[in-house]
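What follows is a pair of complexes built around chain A, which joins chain B in one and chain C in the other.
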Partner chain A sequence: MPENLPQNDRDDGWVERVLPTELQAIRESEGDILRRLDELCYDEDQRFAVRLAFEEALLNAMKHGNKMNPDLSVSLAYRVTDEAVEIHITDQGRGFNPNGVPDPTADENLQRPCGRGVMLMYSYMDEVTYAEGGKQVRMVKYRKR
Partner chain B sequence: MDIQTDQRNNCRVIAIKGSADASASAALRQALLGAIEAGDTRIVCDLGQTDFICSDALGVLIVAYLKAQKRGGFVRLAAPQERLREVLETTRLDHLFQVYPDVACAARCA
Partner chain C sequence: MPEEGIVFVSDVGGVKLVRLRAGNLTREADVEVFGMALEALAEEPDQKVVLSFLGVEHLASLAIGRLVRVQRLMEAGGSEMVLADIDPRIFEVFALTALDKMFHVFEREGDALAYFKGKAEA
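Right, the complex of A and B next:
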(Lines of atoms letter the chains of each structure in order from A and count residues from 1; the text may use other names and numbers.)
(Lines give C-alpha, C1' and ligand atoms only; values in the text may rest on other atoms or scores of the structure.)
Protein backbone atom coordinates (compact mmCIF):
# COMPACT_ATOMS: atom_id res chain seq x y z
CA MET A 1 0.00 0.00 0.00
CA PRO A 2 1.35 3.47 -0.88
CA GLU A 3 2.53 5.37 2.19
CA ASN A 4 2.71 9.07 2.85
CA LEU A 5 0.29 9.84 0.04
CA PRO A 6 0.36 13.54 -0.90
CA GLN A 7 -2.40 15.79 0.33
CA ASN A 8 -2.83 19.39 -0.72
CA ASP A 9 -5.25 22.19 0.05
CA ARG A 10 -4.68 24.94 -2.49
CA ASP A 11 -5.30 28.63 -2.05
CA ASP A 12 -7.82 28.60 -4.91
CA GLY A 13 -10.08 26.29 -2.92
CA TRP A 14 -9.16 23.08 -4.67
CA VAL A 15 -8.51 20.14 -2.39
CA GLU A 16 -6.20 17.47 -3.75
CA ARG A 17 -5.81 14.06 -2.26
CA VAL A 18 -4.28 10.77 -3.24
CA LEU A 19 -6.27 7.92 -1.78
CA PRO A 20 -5.20 4.35 -1.19
CA THR A 21 -7.35 1.78 -2.91
CA GLU A 22 -9.37 0.80 0.11
CA LEU A 23 -13.06 1.36 0.84
CA GLN A 24 -12.46 3.10 4.15
CA ALA A 25 -10.76 5.93 2.26
CA ILE A 26 -14.06 6.69 0.54
CA ARG A 27 -15.82 7.37 3.81
CA GLU A 28 -13.03 9.57 5.09
CA SER A 29 -12.83 11.79 2.04
CA GLU A 30 -16.60 11.85 1.77
CA GLY A 31 -16.75 13.28 5.27
CA ASP A 32 -14.60 16.21 4.26
CA ILE A 33 -16.54 17.14 1.15
CA LEU A 34 -19.82 16.88 3.05
CA ARG A 35 -18.48 19.18 5.75
CA ARG A 36 -17.67 21.77 3.09
CA LEU A 37 -21.18 21.45 1.66
CA ASP A 38 -22.63 21.94 5.12
CA GLU A 39 -20.47 25.02 5.75
CA LEU A 40 -21.98 26.59 2.63
CA CYS A 41 -25.48 25.45 3.52
CA TYR A 42 -26.17 23.29 0.48
CA ASP A 43 -29.60 21.75 0.90
CA GLU A 44 -30.17 18.13 1.85
CA ASP A 45 -31.18 17.01 -1.62
CA GLN A 46 -28.01 18.37 -3.15
CA ARG A 47 -25.93 16.98 -0.31
CA PHE A 48 -27.37 13.54 -0.92
CA ALA A 49 -26.81 13.81 -4.67
CA VAL A 50 -23.17 14.82 -4.31
CA ARG A 51 -22.56 12.16 -1.70
CA LEU A 52 -24.04 9.44 -3.88
CA ALA A 53 -22.18 10.44 -7.04
CA PHE A 54 -18.94 10.89 -5.12
CA GLU A 55 -19.24 7.47 -3.54
CA GLU A 56 -20.12 5.81 -6.84
CA ALA A 57 -17.24 7.44 -8.69
CA LEU A 58 -14.68 6.50 -6.05
CA LEU A 59 -16.08 3.00 -5.81
CA ASN A 60 -15.77 2.61 -9.57
CA ALA A 61 -12.22 3.92 -9.53
CA MET A 62 -11.19 1.50 -6.81
CA LYS A 63 -13.18 -1.58 -7.77
CA HIS A 64 -13.25 -1.42 -11.54
CA GLY A 65 -10.36 0.88 -12.32
CA ASN A 66 -7.76 -0.28 -9.83
CA LYS A 67 -9.31 -3.77 -9.32
CA MET A 68 -8.89 -3.18 -5.56
CA ASN A 69 -5.14 -3.47 -5.99
CA PRO A 70 -3.67 -2.00 -2.79
CA ASP A 71 -0.54 -0.97 -4.67
CA LEU A 72 -2.53 1.47 -6.77
CA SER A 73 -4.02 4.78 -5.72
CA VAL A 74 -6.83 7.12 -6.74
CA SER A 75 -6.27 10.84 -7.33
CA LEU A 76 -9.03 13.03 -6.04
CA ALA A 77 -9.52 16.75 -6.48
CA TYR A 78 -12.58 18.75 -5.54
CA ARG A 79 -13.72 22.26 -4.91
CA VAL A 80 -16.87 23.40 -3.16
CA THR A 81 -17.93 26.97 -3.82
CA ASP A 82 -21.09 28.93 -3.40
CA GLU A 83 -21.92 28.21 -7.05
CA ALA A 84 -21.03 24.57 -7.52
CA VAL A 85 -19.24 21.44 -6.46
CA GLU A 86 -16.68 20.10 -8.91
CA ILE A 87 -14.99 16.72 -8.46
CA HIS A 88 -12.22 15.04 -10.43
CA ILE A 89 -11.33 11.40 -9.83
CA THR A 90 -8.56 9.52 -11.61
CA ASP A 91 -7.64 5.88 -11.21
CA GLN A 92 -4.57 3.99 -12.36
CA GLY A 93 -6.40 1.28 -14.23
CA ARG A 94 -6.70 0.47 -17.90
CA GLY A 95 -9.64 2.72 -18.59
CA PHE A 96 -13.05 1.83 -19.96
CA ASN A 97 -15.77 3.04 -22.29
CA PRO A 98 -18.55 4.61 -20.21
CA ASN A 99 -20.85 4.41 -23.26
CA GLY A 100 -20.39 0.66 -23.27
CA VAL A 101 -21.97 0.09 -19.87
CA PRO A 102 -25.27 -1.81 -20.26
CA ASP A 103 -28.36 0.12 -19.22
CA PRO A 104 -29.03 -1.09 -15.67
CA THR A 105 -32.65 0.07 -15.85
CA ALA A 106 -33.47 -2.25 -18.76
CA ASP A 107 -35.74 -5.09 -17.71
CA GLU A 108 -33.15 -7.72 -18.60
CA ASN A 109 -30.55 -6.06 -16.36
CA LEU A 110 -32.57 -5.36 -13.23
CA GLN A 111 -31.36 -8.52 -11.53
CA ARG A 112 -27.70 -7.74 -12.14
CA PRO A 113 -26.06 -6.90 -8.80
CA CYS A 114 -23.66 -4.38 -10.35
CA GLY A 115 -23.48 -1.80 -13.12
CA ARG A 116 -25.49 1.08 -11.62
CA GLY A 117 -22.70 3.42 -10.59
CA VAL A 118 -22.24 5.33 -13.84
CA MET A 119 -25.98 5.73 -14.30
CA LEU A 120 -26.38 7.10 -10.78
CA MET A 121 -23.56 9.57 -11.38
CA TYR A 122 -25.26 10.84 -14.54
CA SER A 123 -28.62 10.98 -12.80
CA TYR A 124 -27.53 12.88 -9.72
CA MET A 125 -24.92 15.29 -11.06
CA ASP A 126 -25.41 18.10 -13.58
CA GLU A 127 -22.27 17.32 -15.59
CA VAL A 128 -20.31 14.09 -15.90
CA THR A 129 -17.48 13.77 -18.39
CA TYR A 130 -14.81 11.14 -18.82
CA ALA A 131 -11.27 11.60 -20.03
CA GLU A 132 -8.00 9.69 -20.29
CA GLY A 133 -9.73 6.70 -21.79
CA GLY A 134 -12.19 6.46 -18.93
CA LYS A 135 -9.63 6.65 -16.16
CA GLN A 136 -10.68 10.14 -15.17
CA VAL A 137 -14.13 11.45 -14.43
CA ARG A 138 -15.15 15.05 -13.87
CA MET A 139 -18.47 15.78 -12.17
CA VAL A 140 -20.20 19.06 -11.42
CA LYS A 141 -23.26 19.84 -9.34
CA TYR A 142 -24.55 23.40 -9.64
CA ARG A 143 -26.11 24.86 -6.60
CA LYS A 144 -29.86 25.40 -6.81
CA ARG A 145 -31.13 28.55 -5.23
CA MET B 1 -24.31 1.59 9.93
CA ASP B 2 -26.06 -0.55 12.45
CA ILE B 3 -28.09 -3.64 11.61
CA GLN B 4 -30.83 -4.85 13.91
CA THR B 5 -32.86 -7.98 13.39
CA ASP B 6 -36.28 -8.90 14.62
CA GLN B 7 -38.98 -11.42 13.92
CA ARG B 8 -42.48 -10.53 12.79
CA ASN B 9 -45.26 -12.67 11.28
CA ASN B 10 -42.85 -15.42 10.39
CA CYS B 11 -40.57 -12.92 8.65
CA ARG B 12 -37.06 -11.90 9.55
CA VAL B 13 -36.99 -8.11 9.76
CA ILE B 14 -33.56 -6.62 9.12
CA ALA B 15 -33.40 -2.93 9.95
CA ILE B 16 -30.60 -0.99 8.30
CA LYS B 17 -29.89 2.02 10.47
CA GLY B 18 -27.62 4.71 9.13
CA SER B 19 -25.69 4.76 5.87
CA ALA B 20 -25.53 1.69 3.64
CA ASP B 21 -22.33 2.91 1.98
CA ALA B 22 -19.52 0.92 0.38
CA SER B 23 -17.75 0.35 3.69
CA ALA B 24 -20.90 -1.12 5.18
CA SER B 25 -21.73 -3.46 2.32
CA ALA B 26 -19.76 -6.36 3.74
CA ALA B 27 -21.71 -6.22 7.01
CA LEU B 28 -24.98 -5.95 5.11
CA ARG B 29 -24.05 -8.93 2.97
CA GLN B 30 -23.20 -10.96 6.04
CA ALA B 31 -26.49 -10.07 7.73
CA LEU B 32 -28.76 -10.76 4.75
CA LEU B 33 -27.05 -13.78 3.24
CA GLY B 34 -26.30 -15.16 6.68
CA ALA B 35 -30.00 -15.03 7.53
CA ILE B 36 -30.95 -16.79 4.31
CA GLU B 37 -28.27 -19.45 4.78
CA ALA B 38 -29.62 -20.01 8.29
CA GLY B 39 -33.05 -20.71 6.86
CA ASP B 40 -34.72 -17.29 7.16
CA THR B 41 -35.90 -16.96 3.60
CA ARG B 42 -38.75 -14.48 4.25
CA ILE B 43 -36.98 -11.21 4.79
CA VAL B 44 -38.20 -7.65 5.23
CA CYS B 45 -35.54 -4.95 4.98
CA ASP B 46 -36.61 -2.03 7.11
CA LEU B 47 -35.23 1.09 5.43
CA GLY B 48 -37.04 3.52 7.70
CA GLN B 49 -33.79 4.70 9.26
CA THR B 50 -31.53 4.21 6.27
CA ASP B 51 -30.31 7.65 5.29
CA PHE B 52 -28.09 6.62 2.37
CA ILE B 53 -27.59 3.71 0.04
CA CYS B 54 -24.97 3.12 -2.67
CA SER B 55 -25.01 0.78 -5.62
CA ASP B 56 -22.86 -1.74 -3.76
CA ALA B 57 -25.52 -2.06 -1.06
CA LEU B 58 -28.22 -2.26 -3.72
CA GLY B 59 -26.26 -5.12 -5.23
CA VAL B 60 -26.27 -6.91 -1.90
CA LEU B 61 -30.05 -6.52 -1.70
CA ILE B 62 -30.40 -7.97 -5.19
CA VAL B 63 -28.18 -10.96 -4.44
CA ALA B 64 -30.19 -11.61 -1.28
CA TYR B 65 -33.43 -11.25 -3.22
CA LEU B 66 -32.37 -13.83 -5.80
CA LYS B 67 -31.04 -16.22 -3.17
CA ALA B 68 -34.23 -16.00 -1.09
CA GLN B 69 -36.41 -16.38 -4.15
CA LYS B 70 -34.52 -19.51 -5.19
CA ARG B 71 -35.43 -21.00 -1.82
CA GLY B 72 -39.08 -20.10 -2.13
CA GLY B 73 -38.82 -16.97 -0.04
CA PHE B 74 -38.54 -13.25 -0.62
CA VAL B 75 -36.75 -10.03 0.25
CA ARG B 76 -39.10 -7.09 0.56
CA LEU B 77 -38.28 -3.47 1.25
CA ALA B 78 -40.18 -1.42 3.76
CA ALA B 79 -40.50 2.27 4.66
CA PRO B 80 -37.80 3.80 2.46
CA GLN B 81 -37.27 7.50 3.10
CA GLU B 82 -37.98 9.87 0.23
CA ARG B 83 -34.43 10.03 -1.13
CA LEU B 84 -34.03 6.28 -0.99
CA ARG B 85 -37.34 5.87 -2.71
CA GLU B 86 -36.00 8.13 -5.45
CA VAL B 87 -32.89 5.98 -5.79
CA LEU B 88 -35.11 2.92 -6.15
CA GLU B 89 -37.15 4.73 -8.81
CA THR B 90 -34.08 6.04 -10.64
CA THR B 91 -32.60 2.55 -10.80
CA ARG B 92 -36.05 1.01 -11.49
CA LEU B 93 -35.39 -1.40 -8.65
CA ASP B 94 -38.89 -0.58 -7.46
CA HIS B 95 -39.90 -2.82 -10.38
CA LEU B 96 -37.84 -5.67 -8.96
CA PHE B 97 -38.51 -5.38 -5.25
CA GLN B 98 -41.89 -5.14 -3.61
CA VAL B 99 -41.72 -1.92 -1.63
CA TYR B 100 -44.11 -1.40 1.27
CA PRO B 101 -44.91 1.73 3.26
CA ASP B 102 -44.05 0.08 6.56
CA VAL B 103 -42.72 -3.11 8.10
CA ALA B 104 -46.08 -4.28 9.39
CA CYS B 105 -47.54 -4.23 5.90
CA ALA B 106 -44.53 -5.94 4.37
CA ALA B 107 -44.62 -8.71 6.95
CA ARG B 108 -48.39 -9.05 6.87
CA CYS B 109 -48.69 -9.65 3.15
CA ALA B 110 -46.87 -12.97 3.32
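Right, the complex of A and C next:
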Protein backbone atom coordinates (compact mmCIF):
# COMPACT_ATOMS: atom_id res chain seq x y z
CA MET A 1 0.00 0.00 0.00
CA PRO A 2 1.35 3.47 -0.77
CA GLU A 3 2.58 5.14 2.40
CA ASN A 4 2.23 8.73 3.58
CA LEU A 5 -0.62 9.41 1.20
CA PRO A 6 -1.08 13.16 0.90
CA GLN A 7 -4.24 14.88 2.05
CA ASN A 8 -4.99 18.51 1.45
CA ASP A 9 -7.91 20.81 2.28
CA ARG A 10 -7.41 23.87 0.09
CA ASP A 11 -8.56 27.42 0.80
CA ASP A 12 -10.78 27.39 -2.29
CA GLY A 13 -12.87 24.55 -0.84
CA TRP A 14 -11.33 21.70 -2.79
CA VAL A 15 -10.50 18.64 -0.72
CA GLU A 16 -7.74 16.47 -2.11
CA ARG A 17 -6.99 12.92 -1.06
CA VAL A 18 -4.82 10.13 -2.36
CA LEU A 19 -6.53 6.84 -1.58
CA PRO A 20 -5.01 3.39 -1.40
CA THR A 21 -6.54 0.84 -3.75
CA GLU A 22 -8.65 -0.69 -0.99
CA LEU A 23 -12.43 -0.90 -1.03
CA GLN A 24 -12.55 0.25 2.59
CA ALA A 25 -11.14 3.60 1.45
CA ILE A 26 -14.33 4.16 -0.57
CA ARG A 27 -16.44 3.95 2.55
CA GLU A 28 -14.21 6.32 4.50
CA SER A 29 -14.03 9.00 1.82
CA GLU A 30 -17.74 8.63 1.13
CA GLY A 31 -18.41 9.43 4.80
CA ASP A 32 -16.47 12.70 4.43
CA ILE A 33 -18.32 13.88 1.35
CA LEU A 34 -21.73 12.92 2.78
CA ARG A 35 -20.99 14.91 5.93
CA ARG A 36 -20.29 17.98 3.78
CA LEU A 37 -23.57 17.46 1.91
CA ASP A 38 -25.40 17.25 5.23
CA GLU A 39 -23.72 20.42 6.50
CA LEU A 40 -25.02 22.28 3.45
CA CYS A 41 -28.48 20.66 3.74
CA TYR A 42 -28.54 18.90 0.37
CA ASP A 43 -31.79 16.97 0.07
CA GLU A 44 -32.08 13.17 0.25
CA ASP A 45 -32.48 12.67 -3.51
CA GLN A 46 -29.29 14.59 -4.23
CA ARG A 47 -27.46 12.84 -1.42
CA PHE A 48 -28.53 9.48 -2.88
CA ALA A 49 -27.41 10.51 -6.37
CA VAL A 50 -23.99 11.80 -5.32
CA ARG A 51 -23.34 8.82 -3.10
CA LEU A 52 -24.22 6.34 -5.83
CA ALA A 53 -22.11 8.05 -8.51
CA PHE A 54 -19.21 8.56 -6.10
CA GLU A 55 -19.17 4.88 -5.09
CA GLU A 56 -19.44 3.67 -8.67
CA ALA A 57 -16.66 5.96 -9.88
CA LEU A 58 -14.27 5.00 -7.07
CA LEU A 59 -15.08 1.31 -7.48
CA ASN A 60 -14.39 1.56 -11.21
CA ALA A 61 -11.09 3.34 -10.54
CA MET A 62 -9.94 0.67 -8.11
CA LYS A 63 -11.31 -2.47 -9.78
CA HIS A 64 -11.17 -1.70 -13.49
CA GLY A 65 -8.52 1.04 -13.46
CA ASN A 66 -6.00 -0.10 -10.89
CA LYS A 67 -7.08 -3.77 -11.10
CA MET A 68 -7.00 -3.80 -7.28
CA ASN A 69 -3.21 -3.47 -7.37
CA PRO A 70 -2.25 -2.37 -3.84
CA ASP A 71 0.84 -0.60 -5.19
CA LEU A 72 -1.36 1.86 -7.08
CA SER A 73 -3.45 4.68 -5.67
CA VAL A 74 -6.47 6.74 -6.64
CA SER A 75 -6.44 10.54 -6.54
CA LEU A 76 -9.65 12.11 -5.33
CA ALA A 77 -10.55 15.79 -5.37
CA TYR A 78 -13.95 17.18 -4.52
CA ARG A 79 -15.64 20.42 -3.62
CA VAL A 80 -19.07 20.82 -2.11
CA THR A 81 -20.54 24.31 -2.27
CA ASP A 82 -24.04 25.75 -1.97
CA GLU A 83 -24.35 25.52 -5.74
CA ALA A 84 -22.85 22.18 -6.69
CA VAL A 85 -20.82 19.10 -5.90
CA GLU A 86 -17.76 18.55 -8.09
CA ILE A 87 -15.77 15.33 -7.97
CA HIS A 88 -12.59 14.37 -9.81
CA ILE A 89 -11.27 10.81 -9.55
CA THR A 90 -8.05 9.66 -11.22
CA ASP A 91 -6.66 6.14 -11.26
CA GLN A 92 -3.25 4.83 -12.30
CA GLY A 93 -4.49 2.18 -14.69
CA ARG A 94 -4.30 1.98 -18.48
CA GLY A 95 -7.45 4.00 -19.14
CA PHE A 96 -10.45 2.96 -21.17
CA ASN A 97 -12.81 4.24 -23.83
CA PRO A 98 -16.00 5.31 -22.03
CA ASN A 99 -17.81 5.34 -25.39
CA GLY A 100 -16.98 1.67 -25.79
CA VAL A 101 -19.02 0.53 -22.78
CA PRO A 102 -21.99 -1.48 -24.12
CA ASP A 103 -25.45 -0.15 -23.31
CA PRO A 104 -26.53 -2.32 -20.36
CA THR A 105 -30.20 -1.67 -21.10
CA ALA A 106 -30.05 -3.10 -24.62
CA ASP A 107 -31.90 -6.41 -24.83
CA GLU A 108 -28.75 -8.29 -25.82
CA ASN A 109 -26.89 -6.97 -22.75
CA LEU A 110 -29.58 -7.31 -20.10
CA GLN A 111 -28.22 -10.64 -18.92
CA ARG A 112 -24.67 -9.31 -18.53
CA PRO A 113 -23.75 -8.88 -14.87
CA CYS A 114 -21.39 -5.92 -15.54
CA GLY A 115 -21.48 -2.51 -17.18
CA ARG A 116 -24.12 -0.64 -15.23
CA GLY A 117 -21.89 1.58 -13.07
CA VAL A 118 -20.87 4.07 -15.77
CA MET A 119 -24.44 4.32 -16.98
CA LEU A 120 -25.65 5.10 -13.46
CA MET A 121 -23.00 7.82 -13.08
CA TYR A 122 -24.28 9.50 -16.26
CA SER A 123 -27.86 9.13 -15.06
CA TYR A 124 -27.41 10.58 -11.59
CA MET A 125 -24.90 13.36 -12.19
CA ASP A 126 -25.52 16.48 -14.29
CA GLU A 127 -22.11 16.36 -15.94
CA VAL A 128 -19.75 13.43 -16.41
CA THR A 129 -16.60 13.84 -18.48
CA TYR A 130 -13.61 11.58 -18.91
CA ALA A 131 -10.05 12.82 -19.38
CA GLU A 132 -6.55 11.39 -19.53
CA GLY A 133 -7.63 8.52 -21.76
CA GLY A 134 -10.35 7.42 -19.36
CA LYS A 135 -8.15 7.44 -16.28
CA GLN A 136 -9.85 10.53 -14.88
CA VAL A 137 -13.55 11.12 -14.44
CA ARG A 138 -14.99 14.52 -13.54
CA MET A 139 -18.56 14.70 -12.29
CA VAL A 140 -20.79 17.61 -11.29
CA LYS A 141 -24.16 17.61 -9.57
CA TYR A 142 -25.87 20.99 -9.42
CA ARG A 143 -28.00 21.74 -6.43
CA LYS A 144 -31.70 21.46 -7.05
CA ARG A 145 -33.61 24.46 -5.65
CA MET B 1 -15.96 -7.63 7.40
CA PRO B 2 -19.37 -8.59 6.04
CA GLU B 3 -22.33 -8.15 8.32
CA GLU B 4 -23.34 -11.56 9.62
CA GLY B 5 -26.83 -12.75 8.92
CA ILE B 6 -27.98 -10.15 6.44
CA VAL B 7 -30.06 -12.65 4.45
CA PHE B 8 -33.00 -14.43 6.06
CA VAL B 9 -34.98 -17.08 4.23
CA SER B 10 -38.33 -18.43 5.40
CA ASP B 11 -40.84 -20.78 3.82
CA VAL B 12 -44.33 -19.37 3.37
CA GLY B 13 -46.63 -22.01 1.90
CA GLY B 14 -43.94 -23.41 -0.35
CA VAL B 15 -42.63 -20.00 -1.38
CA LYS B 16 -39.17 -18.95 -0.24
CA LEU B 17 -39.43 -15.46 1.24
CA VAL B 18 -36.05 -13.76 1.37
CA ARG B 19 -35.65 -10.70 3.57
CA LEU B 20 -32.54 -8.61 3.94
CA ARG B 21 -31.25 -6.94 7.06
CA ALA B 22 -28.94 -4.53 5.30
CA GLY B 23 -29.75 -0.90 4.69
CA ASN B 24 -26.94 -0.75 2.16
CA LEU B 25 -25.96 -3.31 -0.45
CA THR B 26 -22.81 -1.53 -1.50
CA ARG B 27 -19.93 -3.29 0.20
CA GLU B 28 -18.41 -6.10 -1.82
CA ALA B 29 -18.41 -8.41 1.20
CA ASP B 30 -22.13 -7.85 1.83
CA VAL B 31 -22.96 -8.30 -1.84
CA GLU B 32 -21.05 -11.58 -1.73
CA VAL B 33 -23.09 -12.82 1.25
CA PHE B 34 -26.28 -11.71 -0.50
CA GLY B 35 -25.31 -13.40 -3.76
CA MET B 36 -24.17 -16.64 -2.20
CA ALA B 37 -27.38 -17.01 -0.20
CA LEU B 38 -29.51 -16.50 -3.29
CA GLU B 39 -27.34 -18.75 -5.42
CA ALA B 40 -27.72 -21.49 -2.82
CA LEU B 41 -31.50 -21.18 -3.26
CA ALA B 42 -31.10 -21.29 -7.03
CA GLU B 43 -29.33 -24.63 -6.78
CA GLU B 44 -32.68 -26.24 -5.94
CA PRO B 45 -34.83 -26.52 -9.06
CA ASP B 46 -38.39 -25.22 -9.43
CA GLN B 47 -38.26 -22.74 -6.56
CA LYS B 48 -40.68 -19.88 -6.05
CA VAL B 49 -38.79 -16.98 -4.48
CA VAL B 50 -39.90 -13.59 -3.21
CA LEU B 51 -36.97 -11.26 -2.60
CA SER B 52 -38.03 -8.40 -0.36
CA PHE B 53 -35.97 -5.22 -0.41
CA LEU B 54 -37.72 -3.79 2.63
CA GLY B 55 -35.23 -1.60 4.49
CA VAL B 56 -32.68 -1.44 1.69
CA GLU B 57 -31.95 2.23 1.06
CA HIS B 58 -28.85 2.05 -1.07
CA LEU B 59 -27.21 -0.36 -3.46
CA ALA B 60 -24.36 -0.43 -5.94
CA SER B 61 -24.15 -1.80 -9.46
CA LEU B 62 -22.21 -4.66 -7.90
CA ALA B 63 -25.43 -5.87 -6.24
CA ILE B 64 -27.39 -5.39 -9.45
CA GLY B 65 -24.90 -7.51 -11.35
CA ARG B 66 -25.15 -10.24 -8.75
CA LEU B 67 -28.94 -10.13 -8.90
CA VAL B 68 -28.80 -10.58 -12.67
CA ARG B 69 -26.53 -13.58 -12.23
CA VAL B 70 -28.89 -15.10 -9.66
CA GLN B 71 -31.85 -14.55 -11.95
CA ARG B 72 -30.07 -16.41 -14.74
CA LEU B 73 -29.41 -19.33 -12.40
CA MET B 74 -33.00 -19.31 -11.17
CA GLU B 75 -34.37 -19.40 -14.71
CA ALA B 76 -31.94 -22.15 -15.70
CA GLY B 77 -33.26 -24.26 -12.82
CA GLY B 78 -36.90 -23.65 -13.67
CA SER B 79 -37.32 -21.35 -10.66
CA GLU B 80 -39.06 -17.99 -10.53
CA MET B 81 -37.85 -15.09 -8.41
CA VAL B 82 -39.89 -11.92 -8.01
CA LEU B 83 -39.05 -8.71 -6.15
CA ALA B 84 -41.04 -6.70 -3.65
CA ASP B 85 -40.94 -3.75 -1.24
CA ILE B 86 -38.47 -1.72 -3.25
CA ASP B 87 -37.75 1.80 -2.05
CA PRO B 88 -38.71 4.33 -4.78
CA ARG B 89 -35.11 5.53 -5.12
CA ILE B 90 -33.86 1.96 -5.52
CA PHE B 91 -36.66 1.23 -7.97
CA GLU B 92 -35.47 4.18 -10.06
CA VAL B 93 -32.03 2.55 -10.22
CA PHE B 94 -33.67 -0.71 -11.32
CA ALA B 95 -35.68 1.10 -13.98
CA LEU B 96 -32.66 3.02 -15.28
CA THR B 97 -30.72 -0.22 -15.63
CA ALA B 98 -33.74 -1.96 -17.19
CA LEU B 99 -33.93 -4.46 -14.38
CA ASP B 100 -37.66 -3.88 -14.27
CA LYS B 101 -37.74 -5.67 -17.67
CA MET B 102 -36.10 -8.74 -16.15
CA PHE B 103 -38.07 -9.05 -12.93
CA HIS B 104 -41.68 -9.14 -11.92
CA VAL B 105 -41.85 -6.44 -9.25
CA PHE B 106 -44.56 -6.17 -6.60
CA GLU B 107 -45.26 -3.27 -4.31
CA ARG B 108 -45.48 -5.41 -1.16
CA GLU B 109 -44.23 -8.88 -0.31
CA GLY B 110 -47.83 -9.90 0.47
CA ASP B 111 -48.75 -9.12 -3.14
CA ALA B 112 -45.86 -11.25 -4.35
CA LEU B 113 -46.86 -14.16 -2.12
CA ALA B 114 -50.45 -13.84 -3.35
CA TYR B 115 -49.16 -13.96 -6.95
CA PHE B 116 -47.53 -17.34 -6.35
CA LYS B 117 -50.56 -18.59 -4.43
CA GLY B 118 -52.78 -17.56 -7.33
CA LYS B 119 -50.53 -19.37 -9.79
CA ALA B 120 -50.60 -22.53 -7.69
CA GLU B 121 -54.40 -22.45 -7.52
CA ALA B 122 -54.86 -21.73 -11.22
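The criterion applied here is as follows: the second predicted complex is superposed on the first by the 145 of 145 C-alpha atoms of A that agree within 3 Å, B and C clash if a C-alpha of one lies under 4 Å from a C-alpha of the other, contacts with A are read in each partner's own complex, and residues count from 1 in each chain.
Operating definition for what follows: a contact is a pair of C-beta atoms (placed from the backbone, for glycine too) under 8 Å apart; a residue touches a chain by one contact, two chains touch by 3 or more.
Bear in mind that the values here come from a model prediction, so they are computed numbers and not experimental data.
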Problem - Overlay on chain A: chain C relative to chain B, clash or fit - result: clash
Exercise for the section: Look at A:Phe48 in the shared chain and tell me whether it touches chain B only, chain C only, both, or neither; answer first, second, both or neither. Expected result: both
Exercise for the section: See if chain A has more residues touched by chain B or by chain C, and give me that chain. Expected result: B
Problem - First, second, both or neither for A:Arg112, with chain B first and chain C second - result: both
Exercise for the section: Check the residue A:Arg36 against both partner chains and state whether it touches chain B (first), chain C (second), both, or neither. Expected result: neither
Exercise for the section: Could you say whether A:Arg138 touches chain B, chain C, both of them, or neither, answering first, second, both or neither? Expected result: neither
Handout entry: Contacts of A:Ser123 with chain B and chain C, given as first, second, both or neither
Key = both
Handout entry: chain B/chain C common contact set on chain A
Key = 23, 27, 44-45, 48, 51-52, 55-56, 59, 104-105, 110-114, 116-117, 119-120, 123
Exercise for the section: State the interface residues of chain B toward chain A in the complex, per the touch definition above. Expected result: 21-23, 52, 54-56, 58-60, 62-63, 66, 83, 87, 90-93, 95-96
Problem - Residues on chain A engaged by chain C in the complex (per definition of touch) - result: 23, 27, 44-45, 48, 51-52, 55-56, 59, 104-105, 110-114, 116-117, 119-120, 123
Fill in the blank from the handout: The chain A residues in contact with chain B across the complex are 23-24, 26-27, 30, 44-45, 48, 51-52, 55-56, 58-59, 104-105, 107, 110-114, 116-117, 119-120, 123-124
Fill in the blank from the handout: Within the complex, chain A is touched by chain C residues 26-28, 58, 60-62, 64-66, 68-69, 72, 89, 93, 96-98, 101-102
